[in-house]
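I'd like to ask some things about the structure below.
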Amino acid sequence: MTMATRVDGRKADEIRKLHIEAGVLPNATGSALVSLGETIALAAVYGPRMLHPKHLQASDKAVLSTVYSMVPFGTTERNRPGPSRRSIEIGKVTRQALEPAVFLAEFPKTTIDVFINILQADAGTRTAGINAASVALADAGIPMRDLVVAIAAGKIEGEYAIDLNGKEEELTDCDMPIAYMPKDNRITLLQMDGDMPLDDVRKVLDLSMKSCMQLYEAQKLALRNRWIKAAQQQEARTEG
Amino acid sequence: MTMATRVDGRKADEIRKLHIEAGVLPNATGSALVSLGETIALAAVYGPRMLHPKHLQASDKAVLSTVYSMVPFGTTERNRPGPSRRSIEIGKVTRQALEPAVFLAEFPKTTIDVFINILQADAGTRTAGINAASVALADAGIPMRDLVVAIAAGKIEGEYAIDLNGKEEELTDCDMPIAYMPKDNRITLLQMDGDMPLDDVRKVLDLSMKSCMQLYEAQKLALRNRWIKAAQQQEARTEG
Amino acid sequence: MTMATRVDGRKADEIRKLHIEAGVLPNATGSALVSLGETIALAAVYGPRMLHPKHLQASDKAVLSTVYSMVPFGTTERNRPGPSRRSIEIGKVTRQALEPAVFLAEFPKTTIDVFINILQADAGTRTAGINAASVALADAGIPMRDLVVAIAAGKIEGEYAIDLNGKEEELTDCDMPIAYMPKDNRITLLQMDGDMPLDDVRKVLDLSMKSCMQLYEAQKLALRNRWIKAAQQQEARTEG
Amino acid sequence: MIIDEGYIAALAAKGVRADKRQPFEYRKIEIQHSPFSKPEGSAIVKIGNSTVLAGIKLGVGVPFPDSPNEGVLIANAEFSPVASPEFEVGPPEEDAIELARIVDRGIRESHAIDMEKLCITAGEKVWMMNVDIHILNHDGNLIDASVLAATAALMNAKMPEYDGEKINYDVKKKKLPLKWKPVAVTFAKIGNAIIVDPTFEESKVLDAGLTVSTKDDGNICSIQKSGSAGFTREEIDMLLGKAVEMGKELREKLSHDASILKF
Amino acid sequence: MIIDEGYIAALAAKGVRADKRQPFEYRKIEIQHSPFSKPEGSAIVKIGNSTVLAGIKLGVGVPFPDSPNEGVLIANAEFSPVASPEFEVGPPEEDAIELARIVDRGIRESHAIDMEKLCITAGEKVWMMNVDIHILNHDGNLIDASVLAATAALMNAKMPEYDGEKINYDVKKKKLPLKWKPVAVTFAKIGNAIIVDPTFEESKVLDAGLTVSTKDDGNICSIQKSGSAGFTREEIDMLLGKAVEMGKELREKLSHDASILKF
Amino acid sequence: MIIDEGYIAALAAKGVRADKRQPFEYRKIEIQHSPFSKPEGSAIVKIGNSTVLAGIKLGVGVPFPDSPNEGVLIANAEFSPVASPEFEVGPPEEDAIELARIVDRGIRESHAIDMEKLCITAGEKVWMMNVDIHILNHDGNLIDASVLAATAALMNAKMPEYDGEKINYDVKKKKLPLKWKPVAVTFAKIGNAIIVDPTFEESKVLDAGLTVSTKDDGNICSIQKSGSAGFTREEIDMLLGKAVEMGKELREKLSHDASILKF
């Protein structure tokens, strides 16, 4: 396995320009905005709140619900609003990527709703969405075992690289997103499409997990900034 | 502002041939048929009746529900059955035009359902529908503050006119429907699309409100005829 | 009325090669597979089971529900999955063909669900489905007044014939399916499309009812085989 | 609406009906031809208090690949919630679909319209004929009323002019190529009694129903059994005969215009 | 969310608002032009805590038969569940549809865009202009925010190149043929008090609402009354005047870019 | 269906399974090629009591603009309510969609079919290949059964003749251009135990699942993690290896025809 050289000058294992901001939506219990290059994901968390109708409740834990959707103007060609087979599948794997991180048993009979809006799509939207959702859950004050970090890898001219952008992705049919909880060494999402020898899969996993640690620090920093700001606002209000 | 001259010989402030008949549908609690030229609107009122499911009920008043729809053969080109964005919006503004007239607080937890069917569309369907609904509500014996009368105004070759027919409407992009409760001087529906100086809007409002009084008399006459007929039938039954 | 001669050498009143097998689906309460030439129908029965939501329950009997559908690859041109107007109507007449046979009053508040899947369609699918459903209901141990047998008749070059196959059906626009309970002499489904003098309808009914008796024996044989096999399995388990 | 099922059934057992009709007597039938100007053909039919509108709209479209030189017939039925308090929570889709399909097959299978005459350019352009049924008041036997209304609308329909590019709906002259006037006759079995033209109440308690459509030549063009019970073979034979007979009477009514735009 | 309706209404009666604004005072308005690179035009508009995105996408399609030499405008609005706990069980379709139609008519009826300039080949190919509104945080008065966002996005939109066969979204140069900048002003009547720019709480207790859209020349291009009560004629006359006046101020804000990608 | 979750989980902890299988042992697998005559290719696959049908239908259509010289693959899966009492209230859409997408990608991303050979006229006409999965009895591990059934149906499919205008479904001769035979292997983690080919009961109590599809050359062409828990990196590495190994065995079974039309 050799490393790819890239049009935008990045190294094979280098992620795009990353920006994470927590607490961006006043109405939501928690929220976060993640941009990774041109890809922009927004997540809002509402809850825990009572789940209706009753027969959907779980008596011993909260139900985590995730909806993934894209704004119609977020892609080069306008994409029609409303759920697609793709967005329904992504909603499911996103939920399963987040569930291991949340102490759901603390909120029986409730629902915790995570809404992910892709505001702009330039590859890597499902992993950007998971990063945004992770920060939004923490911002909502929901008890978590760990943050969930996610990144996708792919192939450029036969060589592997991390965090492909849209132009790069057009030229490949290899895509391997993962989500990861570093503290416990848990891989909570793993998908792959393409054609890879067993050994390559393992090596790409190594690469991706390394990048995950970068996202881990960025998520923690964004939350720290959010709490500092909230404290300052609180102080200003008390003084005011 | 000058007045328009019209293909069908009407004066600018003259409405089309009007016919109102109350009590046309045996099954409905109240009903009315309104024809205004070639435009024919039918309204049926069912209720007050208990609203299910319970969480839709209002504990302190009846919920007024209005559905506006058009028969598929009511237009020059067949129009597909089922709700459209246009019919949903008209349903909403129709409901809001009628609500101020109905003593909803008298029937908590119930629904009063108003169904408007446009049997033939030749412009002015939403206002014809409101007139039909007003008479149908009264025919249903539902306590009302006042009848609601409605008419639309538009422009013909740059000049304003009342109650455009379909041919006239094709040539204009100005449309201003209003609904009005004369007793209390309440405008309960007002919409406008077009391009009008402020002063013109006010003058057209004057025109429309004048026509409204004509419709007011016609609605009252139709209800009177209905009650006379009902009394005669009652008498016949008693004697028979 | 004269009799048709047929491409596949069958006599006018001869049905296609018939195979019926009961108890083919482990999960279902009862099930059956019926093939009639190239037409293959599968029926699964679930229930009686409590019907939810409650307001759909009948307090004095079970509700019989029937859903008729076709696999997408069951026809020459792929047919889109999901209910069509045709399949909804067939679901209804199938239910009404079966209801007279089932002692519904024995299971108040429950539903008995009959799902019919046409695995391959070569004409006569609704009657094949009814035969499969009849055997599946019996296989489910649901108390029945009688089995329901069904067959369709049509026209070939102006002459009547029983159990048309797909090629034959393409050339005719006459179709007359019936369902029949022999014990009580009850016709529980009768449909006809075409153009037939009154006398012909009666003669074709005679033909169809004769074929029905053949299906009646075949249904009974399939159930007998099923019970023998079940008893043997039971014995083997006890000894094992 | 509370229906005393026991009462209706008890009456039926005695051969008596709540509205005093004979078992094989229709309610009053009124037909108005062309009540509307927008559709190419239209009719209002009342059977007792059941009121049904039918409208025919013609457009130009592409024929089906397997019948390139025939016009296209599309029949549709809507149970408007104006028609019955039962339709409160949404009309019974199954029944509306069955009704539409009976109207559709009644016209299609009887070859009531010469569909080849609705071809403009084979394989490319044909007339699309929409027959829409709109129920305004439901007091039973919607099928017979709907088939009557559809046939009446076909009789009075006039085709708009078409210049090969655009339809001119302002000029309508030519009649539709109508060959037959199909009508439907619906029977209901309540206990052991059999009646024609069931009211709403009667159809709520019926055990089985049978609709038979016939053409002008007395041939049967469509049969549909309904309801949760069966008919004996003898009953079927009797009713098929009755339907041919009563169909003739209904067909005669189609020539008269009752001219009431009052439902 | 628990709203003390009595409190808000009592305040209104005294001409006072919970956030201390004057009756005819808007909240802080922020507009960011072109926050996104994928859409041809885009804007974020905040009015207080209400946050709205607008995006313009251009494609090539077939014109409507009755306007063969005009581009096609399609406006759509989505109430994303991120925007409010109220949208939990699915956003209120009726309100989203009304909002979309007000934005649509605000652009269409004011002739804000010269649609004939969006024709490529008459009767065959024209630009399809999608204006999509996406609500991110709902704190009332979504209409004014949405119309502002749509107009801003139209102002900054640039058309992609089209060589007659394919659109090249990588090269965008030409501006849209924008003739007018429509803006909407929304009033609410609570009891007898009338205010502008209602918050979420205020819109929950309002008796009636009135939205008036105006153009740069002060002409009115759209009116929409809402709510369950009526206005007197005198109130309407007063508010139409106010709308013309306040519309001017809003339109001025459109030239400034607040440049915040922070909702 | 009542499942004793504690019991299954307790067994798993001891490395034991309710049906006495070894952790990495499949249930009995039966494959029938071409059970149906209408579809171009078809198969029935049973893994234990899970029964799945696959059918291939070919039609002619227009290629996607971005791959003008390739045929079109459309995979779909239906959870028929015949398959399980769980599907009573409508099958779980999410799971059916995921299954369809795994089958789709298993064929597409492995380049199992040479899609360029399904091009008839570049940019104009290509073969549309529909792969439909129909579940008849659900006893767990539907993914492996469905991928096996789809691959089997691709193996036995024969293309109908096409004369440039019409498809003749009565004459089918040529095989599909099949390059690879993808198969899927699904693991489940229950507590700390890991097993292959979970039954319905086992899949109800699993904490996490992993499906790995491989090609004839041992390359991995698709991975899908499921379930509400995670895997450690070490577990993933182990299971990828296992999947390559067990995939080989599954692929061998595809050459044999168990020939039972009995579910």
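Going by the order they are written in, the chains are A, B, C, D, E and F; count residues from 1 in each one.
Here is the rule we go by: a residue touches a chain if its C-beta (ideal position, glycine included) is under 8 Å from a C-beta of that chain, and two chains touch if they have at least 3 such contacts.
These figures come from a predicted structure and were not determined experimentally.
Engineer: What clusters of chains are still held together by touching when chain C is ignored?
Structural biologist: Without chain C, and with every other chain where it sits, the touching chains still make one piece.
Engineer: What is the set of chains touching both chain E and chain F?
Structural biologist: Per touch definition, common to chain E and chain F: A.
Engineer: Note the shortest touch-path length, in steps, from chain A to chain D.
Structural biologist: 3
Engineer: By mean C-alpha coordinates, which chain is most distant from chain C?
Structural biologist: Max centre-to-centre separation from chain C belongs to E.
Engineer: Farthest chain from chain A, going by the mean of C-alpha atoms per chain?
Structural biologist: D
Engineer: What is the distance, in whole Å, between the centres of chain B and chain F, each centre taken as the mean of its C-alpha atoms?
Structural biologist: Distance between chain centres: 58 Å.
Engineer: From the mean C-alpha coordinate of chain C to that of chain F, what's the distance rounded to whole Å?
Structural biologist: Centres of chain C and chain F (C-alpha means) sit 31 Å apart.
Engineer: Rounded to a whole Å, what is the gap between the Cα centroids of chain A and chain C?
Structural biologist: Those two chain centres are 52 Å apart.
Engineer: Which whole number of Å gives the spacing of the CA centres of chain D and chain E?
Structural biologist: 48
Engineer: If a residue has to touch 2 or more other chains to count, which residues of chain E qualify?
Structural biologist: Correct list: empty.
Engineer: What are the residues of chain A that contact at least two other chains?
Structural biologist: none
Engineer: Think of each chain as a node with edges to the chains it touches; is that a line, ring, star, complete or other?
Structural biologist: Here the contact pattern is a ring, one closed loop where every chain has two partners.
Engineer: Starting at chain C, then chain F, how do the chains run round the ring?
Structural biologist: Starting from chain C with chain F next, the chains run C, F, A, E, B, D.
Engineer: Quick one: which bits of chain F touch chain C in the complex? Just the residue numbers, please.
Structural biologist: Those residues of chain F that touch chain C are 36-39, 42, 49, 51, 53, 55-57, 59, 76, 78, 80-85, 88-89, 130, 132, 134, 136-139, 169, 262-263.
Engineer: Residue numbers of chain B touching chain D in their complex, please.
Structural biologist: Residues in contact with chain D: 21, 24-28, 31, 33, 38, 40, 42-44, 46, 49, 52, 67, 69, 71-78, 81, 113, 115, 117, 119-122.
Engineer: So in the complex, which bits of chain A are touching chain F?
Structural biologist: 85-86, 88-89, 91-93, 96, 99-100, 173, 176, 181, 184-198, 201-202, 205, 209
Engineer: List the residues on chain F that touch chain A in their complex, please.
Structural biologist: Its residues touching chain A are 93-94, 97-98, 100-101, 105, 108-111, 210, 215, 218-233, 236-237, 240-241, 244.
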